[in-house]
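Each of the next two complexes has subunit A plus one other chain: subunit B in the first, subunit C in the second.
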Partner chain A sequence: MTTLVKPRTLFIGLTLLCGLATWLSLALGPVSLPLWDTLRAALRLMGLPIDAYGLEQAELILGQIRLPRTLLGLAVGGVLALSGVAMQGLFRNPLADPGLVGVSSGAALGAAVAIVGSAFLGGLPDVFGPYVLSLCAFAGGLGVTALVYRLGRRDGQTHVATMLLAGIALTALSGSAVGLFTYLADDATLRTLTFWNLGSLNGASYSRLWPLLLVTAGVALWLPRRAKALNALLLGESEASHLGVDVEGLKRELVFCTALGVGAAVAAAGMIGFVGLVVPHLVRLLAGPDHRVLLPASVLAGASLLLCADLVARLALAPAELPIGIVTAFIGAPFFLYLLLRGRA
Partner chain B sequence: MRLSTSAIALVVGLLINHGALASELPQRWVSAGGALSEWVVALGGEPKLVGVDTTSQHPATLKTLPSIGYQRQLSAEGILSLRPQVLAGTEEMGPPPVLAQIRSAGVQVEMFSAQPDLQALKSNLEHLGILLGKAAEARALFGDYEQALQRQKNRLVKIQATRQAPGVLLLVGNAGGKPLVAGQDTAADWMLRQAGGHNLATHTGYKPFSAESLAGLSPQVLVFADRALTGEAARAALFKENPILASTPAAKQGRVLEVDPTLLVGGLGPRLPQNLEVLSAGFYPTSSEATP
Partner chain C sequence: MLRVEGVQVRRDRKVVLADITLDLLPGEVLGVLGPNGAGKSTLLSTLSGELQADQGNVWLDQQALSAWSGAQRAQRLAVLPQTSTLDFAFRVEEVVGMGRLPHQTGKTCDEQIINAALQAADVGHLSGRNYLALSGGERQRVHLARVLAQLWPGEAGQTLLLDEPTSMLDPLHQHTILQAIRAFADRGAAVLVILHDLNLAARYCDRMLLLEQGRPYALGTPTQVLQPEIVKAVFGLEVLVQPHPERGHPLVIAR
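Here is the complex of A and B:
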């Protein structure tokens, strides 16, 4: 099998890219900090004994604003790309994205219930509000996915095609429910809902970051262990089971990991499209379909893409900010097309 | 001797204290919220503004300031890059985690009310007056405002003794496109009532209308607020896009009024009393105009 780049080169390249994106994400922002200050503040945050004099602002911006935001970007980008690989492997279809099992639309429904509901109840206390939104989105995503999975099961077997169709039906259903909430919402609530649907890494805080980091770490460590099984699944379900893969167990794990990962990502940062669909493709175009490479490389690529998109989102209109969902597609889609056409030539 | 020294100390102390107070007033402001920014300007605070949000459209000079984006979707670092001492906004400002970040950076986050009622405006203006060092001016402004609204009320009482309130619909649209009708519990509804109109819409919030139900309501006056167009162009676009409106009694009699949509967001603004007067004049035309 010929690939554009060798796995080793790809990993080195992606690690460098991810490191660079992380550094840029920490070093650049609407507030221009001297590079030296950024560096010293970063070292101080790592616990090195550096004189704090004159570093208060840099430390605050770095520690309270840019670092949580960067970590959020890394986690969300990584877990979305990983879930994309899982879904494309499960459905054996490169068009599959994490939304297919209903996790995105379920999360959107949960968010709509939370936003419109809390506006209807006259607003929740500030300390409480954001968590309700995240929890409802997470619960919505998990709930709808569980339902899709249930509907896809018959006689102790999961029928992928049925699951796919059930996913489409439930996505449409949640979509109409969200539409109903949109209709019921007042002007202000509507705006909140719209912005939530476009996603943002804005306002990242550690308290909301930890659950996502844990989930991401869990999924990122777990899924690569199933790389060989996913490779076998590429041949077909019966072929995979003849090769000794517990296909039913694998399907369950893939759906569960996706629901958990995407649910947590969406709960923390809103809906961010495109990453889950296209990053696995990008990596596949570069390094071929072997999941042993694809899974870990997608994490790095997804994280890098999201950080780059976020940089554009916060610098393009500074001091205002663009929703990141607009940017991911805006920079990702042309790049994807370029790779696609180049591969054909 | 002792007395005079302490007297001098007292005078000096007062002077220093006074000077310190004046210089302690925040000099760099970011304001989020249309009406609020207008009040800041009305109190002479415009030179102190270093940034405003996208709802702050009046006066037009505010548009030349750096924009911090939409008030519900603020960015902490973006605002901090303007090095403000005060971020003034209404309860519509957010998201809360961003406000917390801004607070932790040592910026005073001052909350005002966006409720369309006089009590809220009073406390807003008092609060603003203190922050801008213009307490007396703020009181005077509120006094004038209250009087203007009272005059408006008195006029209405007099008119309504002899004439019935006209049935009105207020349409909010964009370049004539499918408009939303302002229902109950909206700032627009409040405005219509203050101007002496009877809002025919019974739903709550802003909702798209169905042609049939609109024909059944037969409004005597149409008020439109267009976000993209003004004047004759907006009116023409509205009727072109929505032919059903042209058959209403209001359109046939040419009783179609316009309000600035920026009046409908962010609480009571300084331009409101004057606009109410204009609306009122449209609702109750003098007899010579009513019979053309």
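Here is the complex of A and C:
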């Protein structure tokens, strides 16, 4: 075990990284803006009195496209990483993933219902379209997670192992339902469905952004209050209760926060895998498993990582754009294997 | 202190624990012994509130155990389970620091207590080390330090329940750990400890409870309880009992 980074150093480093990623995410793209202009335009958009001369184009691109996209990336990355920490704490296993409780597959099912259903009805008015998709995805994620949670409860106690198995079963079931919708879909719908399943920050708009920002802020403020209890939970459920932790309440909060966070993230940006798994791991390698550091650091690291992945997605095949889910899985899956094999050595 | 009245526990209609009545007094170390499957751990789970008794009552400080709120109970009752499943790379002092969770005593005070508990369990030299890199016996001592820190310094009104705290320890540490537990009781805490070694129990316990098939067979001082015929009846083991040449407590030797 190498020596760990001091929390203070870690937070300074991650804040700088997050700031840099934000700056680059605002500046780079099909039309690259000069870094200095980007910064000035961004500050102007935040209401600082800066001379607008020569910034018209930058301000337009930033305000209409890059700023909502960057905010979306920050929120999705942060909330996925937080959900990963919550799930790894709940299952007391560093290899747990937010998808385990069925939230991702439920959201995918909800989205499939929305996409194929609206195509079947001959398309919904443009005003409702994106909202219906997000709402269905969110409801699907929350619904399946609630079902998994119910199935894991017996005699007033939540059996985490049962929940895990119920999550696997319901994920398979949702998968088959998504498969059925895929089979029923026509070519255009199929394309929408496929792209949605690969995840993208493309087409971010403020109207779809604010519910996610609200959820992210809520989860990011709530979970750190339970950091010490989460530490104790890692000792075991009975040990935590001997330390005075309300274990049933804590488990309920963790599942609820994850369902809300991942549900909102998937609703806004589609399926983006591996962030929730990899980010808490990286932070633990750097700073140890203490949740008082892990939770806030994971928010910053997750947000930075997702913006970097989005930059790759935007620039790798420019002017075409890769779905970001491909990028995160391409980086995340080998990293996951590395973690598995490292443990065996 | 802990009071147990006529406790019975059933599992799938089978009675696994019955007729348990005892007072765990401030300042005493009560050893619980018995063959495998005699109900020792079930007794400990019932006393810690993890398992609900089907009959009878458990009182902690004149109040029903189940009536205490989580944090208040944790301030006066600490439990060390037989094994732990912690699988995250905490540092040793962080694990011990988790024992301070039910208290709001502030960082400085907590650090002093963590240090004292680390010394008491003879793991002070492991401070700063990764918990996952420790041996089984070292981990066991770290968890003992954690429950000691939870009640530190140990006073009347506090209760410590330990399930085989010496099972993975070398001979020297079996004694140093039981001396630390003894010192904890001498400061006023009530301690119930499950042990397997009759001679360790004879040396460090004030009273011993022998369980046989879920029922108490004998309860009393080591001299009263460690009789050849009682040991034969409970463990099926032929023994000689002699006084310890220097200390006088009974010494049990298998024949």
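Here are a few things to note about the model shown:
Note that the second predicted complex is superposed on the first by the 320 of 345 C-alpha atoms of A that agree within 3 Å, B and C clash if a C-alpha of one lies under 4 Å from a C-alpha of the other, contacts with A are read in each partner's own complex, and residues count from 1 in each chain.
FYI, a contact is a pair of C-beta atoms (placed from the backbone, for glycine too) under 8 Å apart; a residue touches a chain by one contact, two chains touch by 3 or more.
What you are looking at is a predicted structure, and each value in this text was computed from that prediction instead of being measured.
By the touch criterion defined above, A:182 lies against neither subunit B nor subunit C after alignment on the C-alpha atoms of chain A. Looking at the superposition, the partner that touches the larger set of subunit A residues, subunit B or subunit C, turns out to be B. When both complexes are overlaid on chain A, the residue A:162 reaches neither subunit B nor subunit C. In the superposition on chain A, A:92 contacts subunit C only, with no contact to subunit B. Of the two partner chains, subunit B is the only one that A:29 touches; subunit C does not reach it. Residue ranges on subunit B touching subunit A, taken from their complex, read 51, 54, 66-70, 72-82, 92, 95-98, 100-101, 104-105, 186, 204-207. The part of subunit A that touches subunit B in the complex is made up of residues 29-32, 57, 60-61, 64-66, 126-127, 129-130, 183, 185-188, 191-192, 195, 200, 202-205, 208, 314, 317-321, 323.
Within the complex formed with subunit A, the subunit C residues making contact are 48, 50, 69-75, 77-79, 81, 84-91, 94-95, 98-99, 101-102, 130, 133, 150. Across the interface of their complex, subunit C is touched by residues 1, 92-94, 228-229, 231-232, 234-236, 238-239, 241-246, 284, 288-290 of subunit A.
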